[in-house]
């Protein structure tokens, strides 16, 4: 199990470098890597996006499907987020193995979007109590070079923002598609910022190398108005209360930068 | 594979002791261990019970759900029995592994209840041919110290006996709950008695230690009127025809003792 | 991994023998083994057959079930072909393991039947857009001695040809069975011919021994009018374009011989 | 299961719907050596019930850590073909098939000299082609013969049959129709020369006296099955050439 | 989750629907050593939430290739009984149960001296018998005690509690009704003497100031839980005989 | 598949619905080296069909008992993204995906010098991002390039294309619309310099003469694809810096 030696040496170097505010790839502790967002890439989807942070690449696609509402919210549509780890994205992913990492990723991305109430799900109702739109948002991890959560959240968000929805109408008691398309009922623009704790420093947007040696990470999602709408500490280390407070403060700052990127990408798409 | 040595020595001791009618825990061959039944423990269930025979502990919960009838009995509700082996109940249980032992346990418990016709399933019909009550009875093995079948059967029985059922009514063509609760349509009180054959003796209510060395076991369920309603020989040994007859005779006797325990527990609950 | 030596020696022998047009079991390169077809063996099925080519034995059963149509073909019934490898058919089959070989077999048999349009699926509609007949055709591999595809295709075909279908009618808005039986709406009689390439020769109806050393196989299905309706190259070798052309020519010839066998078996059944 | 109104499964003079007397078993046909790729096999037609059994082994246990140091590991796999019953059945094993696999294995194991083959596996694969009642009894009885065909040394054959209660009367060897309409079903597996009950199950309602009577009928019934099994073995080994396949 | 019209979960004078003040936790009862076949166990009643935790280990890792050369491998399995929630729940683990198993494991791991037990496994099995809010907090807090009961050396206890926002007010220790109707839920796990946050999650909407306030409330709440955990340990080890079972 | 009334997919002067002639292939764009964490990769846009292929290997076989003593073990995994087709598709692999994985593996294996890498695995992962017909042809053709990018020695490139019959005419490189409405589909994979057909499938109805004609068209079409593959390789290795990502 000498494979544990290399990360330990590397961790020492990363921590030493961070004492002077630097990182192995030249970034400052609060810098994101280069962010690229490309929307509308999958014409057959109702919305799609490929987001990259550094070399991490995630594709997201949105598909509308007619389905049944949940009994307790009979007049609202349903958003379902899935995450798939394509095996070529990392030598560690095995084909067909359901993984708690993929489940956590899907659920963290889901909460960031859902809790911000970015979609007016009441507009996704077709026949109250009977038929609603199911919005499938699936993220596919294509290249894993660190910080999957933020990249997947960006891809999912921008796929939704650039989606249009099919128009449905009732003919007798059957639901038919009119063939027209409606704009998405978008109400917010939530973004997610992840920091890694390594030693006693916080690293915004950890790279793959940094993730291999981190103590833990913390991800925070913010609404446009600056409110927090989701948070997740991950991995087996801990943060002090003060570190948590500091991390959320940094994340709040960075969220505005990320949101600007999103707005730019969306405007390009229009 | 020297692990096989210890049981063999132990088996010899158990058999020798049984020649003078004794057991390693001081019981006679026909004694049950101490039986404790506690009902109503899970307020969110429609009925619940934790039954203990010695240190073996099984929780049972009853849940009503609206569902479709079977096509061949369109006017009757459906009882479904499940068994889950919680991994902390025994070092031998592995998490998430579906197991023929759990399947057999669920089906043996199910048959004891079902074949006695203890529930008048015609009373579980909501809309004839369309909607009926599904009664989920799930037993969770919490501590496995021998004789799971009798303990699980006790827990399931007493959970059912202390259940109440929701009242449903039709509003137009939709099924609604009135919020009221109805008594369970109970018609019988079946109990199950298990004996182990070790050497040429029959041991009522085998302990974990006895189960490890048994040749085989036989379980018999009896209705209140003394009729047999289910039987199951288990494990890879055999019984002579005479042993079978004797075992069923003993079981018949013990069933009355068990039923008395159940009645007491139910009366406490009332 | 010396197990690879024996097949190599055997392959050399098979190739040398084939230079003089012979095979280890005495057949010529274009001979089928003995073909036996027995229909009506499973009285509870709507149609059934046990087909044998040499010692390879496959049972097929047809079952009608009422179900929903596909949305894009709302007025047509649905045929579903499944293949099960019974573990006693070969020491290589493991119980319960879903296998790409079984999936390919089912899909190749399916395509041969489906693409020939041998069943008029419009006759399998009960209530247009709502209820149609699902025709389950399941093949069970009972003895695997080479050329599963042709044997399974024969079994499935003859089970379908000798099937009758239940008559359904509408009572109010409920579908009921009248108890009468209708003839199957049969339009064609497709058969499948498989050849193996070993060295530079093509072997019709490869035996188990030949399959162990083949380079690849090619299966071609023909309609009664001689048109091709399905084709599948299998295994990891290759054919030249000229070999493909020759194989299909041979297959076309042999298909008539096979069809004659089928017609005889069906006439016996009548 | 629908046990509702059925008109007269047993006539006043004790004749059942298929013409049998109450203690009469159905026509049973056993055949050994019917499969090519097994170590042993058997086919049974038991009334309309039709079952194939194949035995693989003794062979190396796989995975190895499941091997037993002092004896062979026996496994049984009972499966019903999708077309074997009234309604189409999904090929995924049901909970019933899982339980039956277990009790069938336990019914056969006492008969096998497992201690002769340490660290090996003996797998018994059972495929029900048509089910018309008593499939577990037919499976066990046929599997005994498949084990014999595989040359595996056995203490005795295991013979199996069921008693049911139909319209208040105990009847031997219930078929599907009687089982569905009947008041109880009680299958037993038995090694006659060892007086060993290796399987015993019951569902439905019977009195203690009916239970005692049933045991007598089951013993007698198993002996009849035993006789047919022995005949099948004799006719199989009498033939010099390998037995021809079923029909 | 239905967060629609609910009439007054907090009264004007700051009293919640179950009579608690906004910063008051529910009655919590911990008990150690309640199971027979584990290396350590604990039971908790947290309001109406009822959870059993059993610890197996340190024991040999299985399968072996998952063993870690320099420390114990910790696994947590969070499961809800089918009858633990309003609607019957299928026993198959949901995605929620998979995620919670992961974050619970990560919340406990920093407290365990895993380096003392290289190449072994420590498995933490959690069964929620009844869920009435805060099941992950109750699970983590009880699991700490089960680890203590198993004699596994720990840096500190892990204590856990949640803050929610209900009708615009931050309240400690949300129960199910408040969670479903509430605007946010924020559970934290904490090792008090280490000032170590080992779990932190949030959903819903809160301002940055509310977040800061919540952190204060969570710290305070965790200390209260910590006190109850310590009392349970003391009362357990004070008793000479093994502790009696729950209820 | 709906093969019902479709108005004129080919005009009287032999022009198809997307403006192509009957023997004209769609615009195809190959790119090598598009992924970071693979040993080799390729991206293809084939009309509107978009596919990413990543190759891992040769690497240690896992589990080890699947390793082959005398050659590398090749595996292919063909998967369609949930959003790649008209209707949302569950991510669980369908039987179609299982079959296609098998025939794609068998189409590529004859081209690889598997004997150079005994006891290793070469895994080919294919993700269809958008499906608009000919996904297996595009997958095979792109996977060849990914294998080249991985530096795995090959006997030849494998090129692939399909011929369909639409309104009674044979047409090269069917797109989705033509496939669904068409009378047949016949994909082939081919190593041009070896004259080796490594994949051949057909469904639909064609005469023997149409089959012969199709083989000619397929050979010609594969040569066109081959040319585009070679250009992509040349342009990839001409560049000194690593190729930029797709778009």
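For clarity, chains are labelled A, B, C, D, E and F in written order, and residue numbers in each chain start from 1.
Following the convention adopted for this analysis, a contact is a pair of C-beta atoms (placed from the backbone, for glycine too) under 8 Å apart; a residue touches a chain by one contact, two chains touch by 3 or more.
A quick note: this is a predicted structure, and the numbers were derived from the prediction, not measured.
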item: Chains in simultaneous contact with chain A and chain D; value: none
item: Taking each chain's C-alpha mean as its centre, the one farthest from chain D; value: A
item: Separation of chain E from chain F, taking each centre as the mean of its C-alpha atoms, in whole Å; value: 52
item: Between chain A and chain B, centroid-to-centroid distance (C-alpha), Å; value: 48
item: Distance between chain centroids, defined by C-alpha means - chain B, chain D (Å); value: 27
item: Chains listed in ring sequence, where chain C comes first and chain D follows it; value: C, D, B, E, A, F
item: Sites on chain C touched by chain F in the complex; value: 1, 4, 72-73, 100, 103-104, 106-107, 111, 114-117, 216, 218, 223, 226-245, 248-249, 252
item: Residues on chain C engaged by chain D in the complex (per definition of touch); value: 38, 41-45, 48, 52, 55, 57, 59, 61-63, 65, 82, 84, 86-91, 95-96, 136, 138, 140, 142-145
item: Residues of chain D that touch chain C when the two form their complex; value: 35-38, 41, 48, 50, 52-56, 59, 77, 79, 81-88, 91, 93, 123, 125, 127, 129-132, 245, 247
item: Residue ranges of chain E in contact with chain A within the complex; value: 1-2, 68-70, 95-96, 98-99, 101-103, 105-106, 109-110, 184, 186, 191, 194-208, 211-212, 215, 219
